[in-house]
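Chain naming follows the written order as A, B, C and D, and within any one chain the residues start at number 1.
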Amino acid sequence: MTTSPLLDATGVAKNYGAVAALRNASLSVLPGEVHALMGANGAGKSTLVKILTGAIQANAGRILIRGEARDIRSPAAGRRAGLLPVYQEPSLIPDLDVLSNLRLTGTPVEPFRAWVRELGIPDLDLRDTARDIPLAVLRVLDLARALAVEPDVLLLDEMTAALPANLAEKVLEVVRRQGDSGRAVIFISHRFVEISALCDRATVLRDGETVGVVDIVPGVEEKIVELMLGTRIVKTHVAARSAAEKAAPIAARPRITVRNLRVGTKLSDVSFDLGDGEVAGVVALEGQGQDELFSALAGSIRPSGGTIEVDGQPAKFSHPIDAIRAGIAYVPGDRSEALAMQRSVRENIALPFSAAFRNWGPINMHRERAKVASAIERLQIDTRAQGEVQRLSGGNQQKVTIARWIAADARTILCFDPTRGIDVGTKQEIYKLLRELAGNGKSVLFYTSELEEVQRVCDRVIVIFGGRLVDIFPVEEADEPALMRAAYGLPRGVKADVGILADPTANTSDAPEAAP
Amino acid sequence: MSTTAITPVPFGRRLKRFMADRPLIPLIILLIILVVILQILRPGIVNERWIANTIKFAIPLAILAGCQTMTMLTGGIDLSVGTVATMSAFIMATQVVNQDPAVAFLLAMMPAVLIGLVNGIGVGVFRVHPLIMTLGTSLIGTGCLQVYQRTVIASGAKIPDFLAWLGTGVTSGFPNALLLFVPLAALIVFTLARTGFGRLLYAVGDNERATRLSGVQYWQVITALYVISSVLAGITGLLYIGLIKAPSLSLAEPLVLPSVAAAVIGGTSIFGGRGGYTGTIIGALILTVLTTLLTILQMPEGARRILFGLIVLFVTAAYLRIVEER
Amino acid sequence: MSHFLRRQGWVTGLFALLIVLFIVTKLIQPGYGSGDFGSLARAVLPYAFAVAAQTVVVIAGGIDLSVAAMMALTSVTAASMMAGASEEYALFVVPFVLAMGFVLGAVNGMLIVVTRVPDIVVTLAMLFVLQGAALLVLGAPGGSAAEWLKALISGTVPIPGVPDAIDAWLPKALLVLIVCLCFVWIPLRRSRLGLSIYAIGSSELAAFRSGVPVARTRIVAYALSGLFSAMGGLALTMSTGIGAPIPGPYLLASVAAVVLGGVALGGGKGGLLGPIVAVFVLRLVRTDLTLLAIDPNVTAIIEGAIMVAVVMFGAFITMRGRQ
Amino acid sequence: AAGKYTIGISNTVQGNGWREEMVCAMKAQALASGEVAKLNIAHRNTDAAGQLEDIRNLISAKVDAIVVNPADPAGIKAGLEEATKAGIVVVAVDQAVTEPSAYIISNNQEQYAYLGAKWLFGQMGGKGEVFYMRGAAGASADSDRDKGFKKALAEFPDVKVAQEVFTGWQQDQAKQQMLSFLATGTPFNGVWTSGIDNVIVDALVESQAPLVPVVGADNAGFVGQLSSVKDLVGAAVTNPGSIGGAGVTLALQILDGKKPAQQTVLVDPQLWDNATDEGKAKLKAAADPSLSPEWPVSISIPDWTTYTKEQIVACKGPGE
């Protein structure tokens, strides 16, 4: 292709104090192109999008738009330059209604309405306050708002991550047509199926650096993965469970028994058991009710029906403290939900100890130091910047959220996507840790968005789709194609036709209709 | 990371980082600067007696600022401390006429506990904004005090000798109030740093959701906090009446805004999660010295107030600059 | 939708409360008539402007402790400029004082943006600065106001063709209030600037990402607060005919009425109508307490209790709504 | 009660001993007169605009007379005018008002300051430095007193003001200012206070500073100190809070058709010093340790008030 690029960024770098979010990123997008931006968690994709659209300022780098050097200092300037983002987090003003949000950004209403309809939401009331609109719809509105001003370059940061399959489908369709009409789209996703269905080329980031630009052709996935992970690639399918563990007798009575659990409209009729010494995986696409399941078990929301039994005793949780007293600890996926960011590692780890009224008194510093130190040791937390948790790296922050419950010696740990945003090495440590816990007789419920992890860690897999438990796999049968199918609500044994593992002869764009 | 260690850091940056890691040092320097200015303007004023007086007046302010520090750590504020202090002072001075001092003391502390409880329940359970909650209870408290006042006009008032000794006495150069304040301050510092409750205050102010997931029951912490704050305010009232020796219905009200200012100058974040009591004590000293400085300056009252506002703003801004630059 | 209803519901509830209070007033004092309503409107005037000033910044996610001091400064400035001057000179004084309030408010905003000191501290410091400035302008209450200015808020508006019995219920003070507030507020609400003010109060990050110039909008919000405070200061001078350098009880009253009016102290929510109705409610409560000859010390208790009870009630409703 | 009148009262400072005594005097006098059926009291902290609101509310309440302690002499003119128009008798106490139809029974603030200052400068031997402790900056009573003080100062050219401060009429602030001033070591020969007096004597005694002559008001605390504190020379200038009772009496007289000869009655202050025997006797007679130290001891005004001490201290109005 000889056409000059619409957008050309080179040498972009961004530091947050000692953390380098971007070191040397470059990205060149041609007109009419749907360009994938790929990279592992924390590679710097979102940071690059924010810099390109003026939400943050780069420390170094050059950005050319249609060959002209532009210094984009604010989102408004980015907008004027024809760059419109849909960020990873919704950007509608929560307390304004949709119409006001449109006026705020100077978005024409009629095209917006048309796009919203096109994107599969026929009955939107523009007078609804953004706060009251579900997350998935908000993401679509964000997109429609960007489309309505007909941008030259559309930047979509994990646009489809939180969408149900039907909406995601529409989005992909619309995005592809954008490319066809001569505009450019920068598309971020962790889903290879979307990338291969949609994109022309991909730029791969690793640790804040652009490590390659590839054309999307069948079979390029392996190459992208290699680029993304670099030398750290670990692709051995070792089951972490030892033979001895497998042989361990299953306890007569399950640790936790869930029957017909229901939470609002999000979760219905979920029943399963969790035994001592077991790691049970939960697999689900985004937003299928797994959040509600974990929250209900952790006592942070009240289920609207069903029963939870702990050690055979019926349990009713009205506050997380009730679950904690029953020995159930919850590690949320979002670190910022679990950590007091301005406090020290030590205080964060010791936080559950102070929670109970009887521990409000003087702290036995010796005992605390010993406990905290052993937890830190066990998880190998890098404590060089332990004065404030916010100065730790993301992976180490994540470890702190787990270390807390190791120190508190919780019997059951609910881990919600604990490897989100942490590097491959740390992931390995966490897998090991979870197995170790199980080996010590603890039970773990483990939700992960990365199917690959299931085989490494779990004994059993629970699959949730559309708020229902659709299947329970023994780990031996839980290979990725099978899980993927199940996650899409397809019954076991149907031919694989989704994801990177799809039969290459099948038409990938023909994604399956969700079967509720 | 390793590069920063090798390249020599300029002295200015190093100094800044040094101060940022020890936020008390810039505060103490600011205090010393003010004292030096005072000494230059009125040579000889900085003597033993002046220091004792300054400490005497800084102590009640510092205790009330302690209430603000603790509540601000959780993202709150307690505007009822002035009313509570006034109430306990007034009740003490009027009840001690006919009652046993111990009984009078209990009576004097009763409204403090009550108001603290109401504040705590309002903020912790009903989630009313602390500003409104404490403002409302302080209005109610003032009204009650006025109603009460009418019933005791005939009996007059008396300042118990012990309180007068504590409030105004000086023993070999040291104000007796230090006997109350030093243990109290140590207790607050210890509570904030070394007890489960103190930890929770910081954690709740930093990230309430996180504390909830760790099993912390917000309402318990908040209720206990506001009761403690009120009790401290009540004790301040008793100390203050010993210092001023004139019970009035608005005795401690003028201390409310300065107590907020002292906590903020001392580096406690009004948004919660960050700060400490030692800084607040210095903040209270800074404000007290500043008041003296402005009293001594020969200038129109209007200009004095303008100067006061500007200095408070300047000190806070300078301090934030130093501490935030990491 | 439910949120929208709930928000309007609060204002509707306040209105209903106000009407109930009017009925109660009429029951207590059967002679309560149009003249008394005029008095109410005049009493409301300075509070309403103070509350408007506070509302704008609270919606923008801030707070302004300097409202009352700003009113005092603008009031003494107006009164001392008009002292001994001709009636026409006041035509110059009014815009001057309004501009002064606007500029000083903007200074508040700029200090917050530039120093990054929390708004509550900046405006507290400005409270002292403005108070000091007021004392420098007038050391003691004094000055005067042009007669036409004073006449502007006394009496009623005769509307041709409408019987006196009806237009007697339209006091000039009410009209001035409505005109002044609407003149600023309605264009503002409809403009992008107004939306921006709501946006920065609701979520600063989302606002920034939507292209809102956050710093500039914050400065404008404080400037508008200054403008409304200046109107309040002028209202004080107009009703008393003098300027007093000691601030009146408008700061705490403004915060209380803002919350009663359904404006969340976190920002982003609410409007001007609620707080203004809340001011009427609070003033009418005081009227009723006076009419009933309630012990004055008890009135403080009642006023505090109403404030706490209403806000607790609101919090209770939202908690119910959330479940 | 057997009375026939309803009297409205408006006061704008709350929580200060002098004003509390004034309100109690009004209540006691209304009760003692037997002519008042009901008192309607608006008593809160507010400014002139707030007082206008209160006055208008009292007009709405259809009271027969309004006794007002004005927040400002000129600022409430409109409200008083409306009251007169509505046929209500208006009496201003403590301070004058500019509304010509109102009757005024007032303490003479300018004279209050002049009398005390003149005595003080005399005590100082007509020369030296005086510590001038004023009231609240920007209050009209304070500026009236300043006039009187300056008038006396003009008569004593050798007396200089060592330092001028505003106490805001607050005990704590005044005491701190006095102590700071003492710490500066500035020589001074006398202290004039605007009624925040006993804390000043306390401060002098506590810091073992030389006891210079002090002028204050007739507050119970200070009056007690004048006879009990050794070596203290000082004078109390009367500023009776019971003027409120006198205001009620005047209002009732007018309602009964006995109009006074003049619109304005000035109650001139007296000075009781402990340097003369005559003053000492007066102080002794006036001293009343059972009263709250903030209350002025002159709880009654001869010819104007008829209540007993028990009645004012009980602070109950008709119908309570």
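One rule holds for everything that comes next: contacts are C-beta pairs under 8 Å (C-beta built on N, C-alpha and C of every residue); 3 or more make two chains touch, one makes a residue touch a chain.
These are the chains along with the protein names UniProt gives them: A = Sugar ABC transporter ATP-binding protein; B = ABC transporter permease; C = Autoinducer 2 import system permease protein LsrD.
This one's a predicted model, so the numbers in the text were calculated from it and none came from an experiment.
More C-beta pairs in contact connect the chains of C-D than those of the other pair, out of A-C and C-D. Distance between chain centres (mean CA atoms), chain A to chain D: 73 Å. Centroid to centroid, with C-alpha atoms defining each point, chain A and chain C lie 47 Å apart.
Chain C and chain D have centres, each the mean of its CA atoms, that are 34 Å apart. For the pair chain A and chain B, the distance between C-alpha centroids works out to 45 Å.
Counting only residues that touch two or more partner chains, chain C has 134-135, 139, 245, 295, 297, 299-300. In chain D, the positions touching at least two other chains are 14, 137. According to the touch criterion at the top of this document, the contacting chain pairs are A-B, A-C, B-C, B-D, C-D.
On the chain B side of its complex with chain A, the touching residues are 1, 4, 190, 194-197, 199-200, 202-203, 206-207, 209-217, 220, 224, 273-274, 326.
On chain C, the positions that touch chain B within their shared complex are 111, 115-118, 120-122, 124-137, 139, 245, 252, 255-256, 259, 265, 295, 297-305, 307-308, 311-312, 315-316, 319.
In the complex of the two chains, the chain C residues touching chain D come out as 29, 31-32, 36, 39, 42-43, 46, 134-135, 138-142, 144, 150, 154, 235-236, 239-242, 244-249, 283, 286-287, 290-291, 293, 295-297, 299-300.
Listed in rising order, the residues of chain A touching chain C in the complex are 55, 74-76, 79, 85, 87, 90-97, 100-101, 103-106, 125, 127-129, 131-132. Of all residues in chain B, those touching chain C in their complex are 122, 126-129, 131-133, 135-144, 146-147, 149-150, 257, 260-261, 264, 269-271, 300-310, 312-313, 316-317, 320, 324.
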